[in-house]
Amino acid sequence: MRLKRSQLLVTLLFLFGVQGALQSVIFPLWKKNYAPVKQSKDGFVSDSLSPDQIILQLFGFREFLSGILWVRADGFFDSGNYDAVLPMIRLCTVLDPRQIDIFSTGMWHIAYNFTDEEQRSDRRYVASALALGKEGAAQNPDTYEIFFETGWIWFHKIDDEYHNSVKWFELAHQRADMQAGRRNLLSNAYQRNNQLDEALDLYIKLLAKANDAAKANPKEHMLQTMRDTVEGNLDTMIVRLVQRGTLAQRRGDYAGGQYDTNPPFDVGFSARVTVENPRVIRVEGTWNVASIGTRVRIVLRDKDMEGGKLAELDWDARDAVDLEPSRDVTFMQDQLFVKNRRFKKLIDMSKDPTMYPFSETKKNYVVEFYYNPRSAPPHIQDKFGFNGEGFTDSNFLRTDVRKDFVYDLSQKDSKGKYSVDPKLVEGKTSQRVMYYAMDLTREQLLRRGQWSMDGGQTPILTTKNFDPKKVITVDEVIAVPTLRGQEGHGNIEEKKK
Amino acid sequence: MMGPILAIAKTTVGEAIRRRVLLVILMIGVLLLSIIPSLGVLTARQEKAVMISTMFAVLRATSALIAIILTIYMIPNEIERRTIYTILSKPVQRWQFLVGKYLGAVFALFIMIAMMSAVMIILYKVFHNPDMASLLDVAKQPINYFMEMSLLSALSIFISTFAPPLVNFFLSFGLWGVGTVLNPLYDSVAQNSGTGPIMKGVATIATKVLPNFAQYDIKNPIINPETIIENPQMYTIYITGYAIVYITFLLIGGMLIFEKREV
Amino acid sequence: MGAAIEIQKLTKVYKSRLAGEVKVVNELDLVVEEGEIFGFLGPNGAGKTTTIKMLLGIIYPSYGEAYVLGKEIGDIEVHRRISYVPERPYYYEHMTGLELLMFYASLFGINDREKCIKLLEKVNLAGDMSKTISQYSKGMQQRVGLAQSLLNDPGLLFLDEPTGGLDPIAHTEIRDLILQFRDEGRTVFISSHELSEVERICDRVAIIHKGVLVRQGKLDDLLRGGRVEVIADGVSKEVGADAKEFGDSIVSYHDGRLIADVPEDHDLNALIDGIRTSGGKIQSIIPRRKRLEDLFVEAVRGDK
């Protein structure tokens, strides 16, 4: 067989065209199913790795490298060098975006670990933690874990805007591999978002499934326990629906009935803020709920915060993981623990100037007090009701601070999967919260000028109803919560000092 | 027509599996594979994924090294030792010689990749005791690597028709290196809004022109079994087709050059 | 008998960076008749192997024509009827002699184990055919090369330096085999720079130097022009003096003994007649043919 060159050349050109065309078909499939990193990182990997590491990752040792880096990051965790951990988390997740553990640990670390003291974290990082969650979920759409972890940040860390935790738990719930026990949490999120029908409905469905599973494996002890748990949850919720008068409200005979939530209980909030030292404030005030478990949110922030919301940050502001939060933003959020109907707290923001920069460009600050009965523990909610219908404050009740929102989770994308970006719909109800804001200047906070420590005035801000005597002379009460409260704020007062 | 091709292929296999350099690389590959399970400490829960993915990477790198070293010397050695004269003075066309050599290389590669894969799968079985489905899943990757390496050796044998072995080594390795990052590269260039139109054009052309090795790395769904892949068969068909087309392209190109070459 | 090889103005030009264009083979004209052993001679680098490679279609001539067994070079069909044993070839060392032969046979589409064994017997390797090539001596490798060259029962064999680097015994063995090929009616084209062997077996030779053909012809013809030594006793002074006048003869005359070394083409009879008529007694007449070596040196020097 003698080969003709001209024919071969034509064949050559043809084959070249074919391979190019095939490449166009293969690439989208590869990108969809096999790409190690789904989103472009604009050279992030090459910028952050040493040359030998770049070679390693180029030749397919991505996961290996990620593992090595993660082990090193773990060492930094132990030594408390959290700043060093952040870029490593970023790099690990870029190198091996299927490392679910790194995503979830990383989110937790970013959201919780940057603190200046035990309970107070740098919440400017929360948006980054959520962005990591969003990326992790996009990289691992077939498992529930990152969806769940992202929902958990909303539910537990942010503890506000519950429609978001509903959304993420819902997305997790839609994934087959979600652990049965964790599915209960979606119902809790529903309850906090005042989606009681959905909450109840979910318990009923979960119970049916748990029943089936338990019947199928009668010897499996875990499955029996699981069923009992769901059953207990359902029972409790039904009891609460009755007890808190929710069902009566729907029937229309709430007004005449005996319910713990009726009439609404006035918490009688009052507060005084004293700038005792530069960047150190003392907060005192009253809160008439005697039982343990009330935590009033206090926020101190720039007044003209970009995208700022009342008593919170725009948590969902980021889609890209940015480990450098705006360093000139001051945002302090803490909890005021109520004991014996009063709270007292010294908040020292002088130790960590990176966390509380009190930037020169920001002259005005605001101290906010916020309480949402939806976040309350169940025994207090028994009094306040699912949506705070049993809650009021004669001075500071607000119904315009938090609107209700629901995500339209019926939407599905072209592939029949639930959309990660569902439409946000404003609900009909709004939340009953306590909210009060006081203005402070930078001068006051830093004790400068007329507020100087050397003979200057001490800045003191109070609510109009603040009575210093109440802060000092309130009886100490230990209240034992019961589901069926008797009267007043629904608790048995056992001991007086 | 096929007689001489197969005869040459058979001889090539016989010679290749006796080449000390290749055997040494093979042994190193097996050795590296064997120490990977002990690196499991590197991760907490992803131990299995890291172990498999690292084994894949070792398998891939070793196979590539074998594929290149196996082929770059194939034709120059025949010329240097004058064996090619005894063959070409027989009724054997040059293209038959080239194809025979190539097929021999592919057979030899198959044997060596199969050996390493067997070691890998045995280690996986010993250390993680996976079920049959998981084992079969893991076995998919070496098959894809075999395709990749067949393409790589076609590239090397193509280059060997005009370049000396040392040049060929760096050229083949370079093109393989580029080919393994083509997809991510193109992806990031295409995604990055900051990229200029010229850079985008270059990336697009490079992706459409250079042999693409990246697409044979299908380990992501294997090491992350929860990933659901739609229609993987179609993808396999496409990349197999791509390999066949590109290999044919390289071999015909090699024939055209080799036909004119003075040996 | 037709021509096994016919070469006309065959030229191979290489471009060299230092020397510019180098004509490795320069307008070579050559004819090899069928059934003869043809010696293609020249020093190393003369262009012998280049010529053979062109004839085999392994490299391409820059210009000129050549026909092998009546077909233009490069015709693959001709390869069915020719064979080539390169200079100091390397054979796949991992194979045994028999495997090697089977491999080369398969290139012709032949799968005949018996034939391969017979050929190995023919080259005296019957006892070593299951040894690998790596265990073969140089002579054995050369013989297995010859055996593989006979697989297709070729009409024309190209042997490039067939005895190069071999010991004297191996020399003889190879030489006998080549003679045997001629007896079987094959044309043998031997390229060599070692002359002693070729001289004994070649029918015709061509001498090539720096790519240019300097001599071509039958060995007898080329070597003609030798000298004859005549020794006689009782020769008269006159005859002795006459003998000295024979062109470039070298003559010694002493006490009636004449030793004359005269050119072959000279009128020798006149000298003999002169000796005999003067009563001299011829002791011996020894014709001394020109040796190939002389011819070779002469040709190569003349070229210079």
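By written order: A, B and C. Residues from 1 in each chain.
Keep in mind that, in the parts below, a contact is a pair of C-beta atoms (placed from the backbone, for glycine too) under 8 Å apart; a residue touches a chain by one contact, two chains touch by 3 or more.
Note that the structure is predicted; figures quoted are calculated from it, not measured.
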Two chains sharing the most C-beta contacts: A-B
Chain nearest the overall Cα centroid: B
Most distant chain from chain C, judged by the mean position of its C-alpha atoms: A
Between chain A and chain B, centroid-to-centroid distance (C-alpha), Å: 48
Mean-CA-position distance for chain C and chain A (Å): 97
Multi-chain contact sites of chain C, meaning residues that touch two or more partners: 76
Residue list for chain B, restricted to those that touch at least two other chains: 93
Residue numbers of chain A (touch at least two other chains): 2
Chain B contact footprint on chain C (complex, rising order): 53, 56-60, 76-77, 79-80, 82-92, 94-95, 103-104, 106-109, 145, 148, 152, 158
For the chain B and chain C complex, residues of the former touching the latter: 3-4, 6-8, 10-11, 14-15, 18, 81-93, 260, 262-263
Residue numbers on chain A that touch chain B, as the complex places them: 1-3, 5, 8-9, 11-12, 15-16, 18-20, 22-27, 29-37, 39-43, 58-64, 66-68, 70-71, 96, 98-101, 140, 142-143, 177
Partner chain A, residues of chain B touching it in the complex: 1, 39, 41-46, 49-50, 53-54, 56-57, 60-61, 93, 95, 177, 180-181, 183-184, 186-188, 190-192, 194, 207-209, 212, 214-215, 217-221, 223-224, 226-230, 232, 234-235, 238-239, 241-242, 245-246, 248-249, 252-253, 255-256, 259
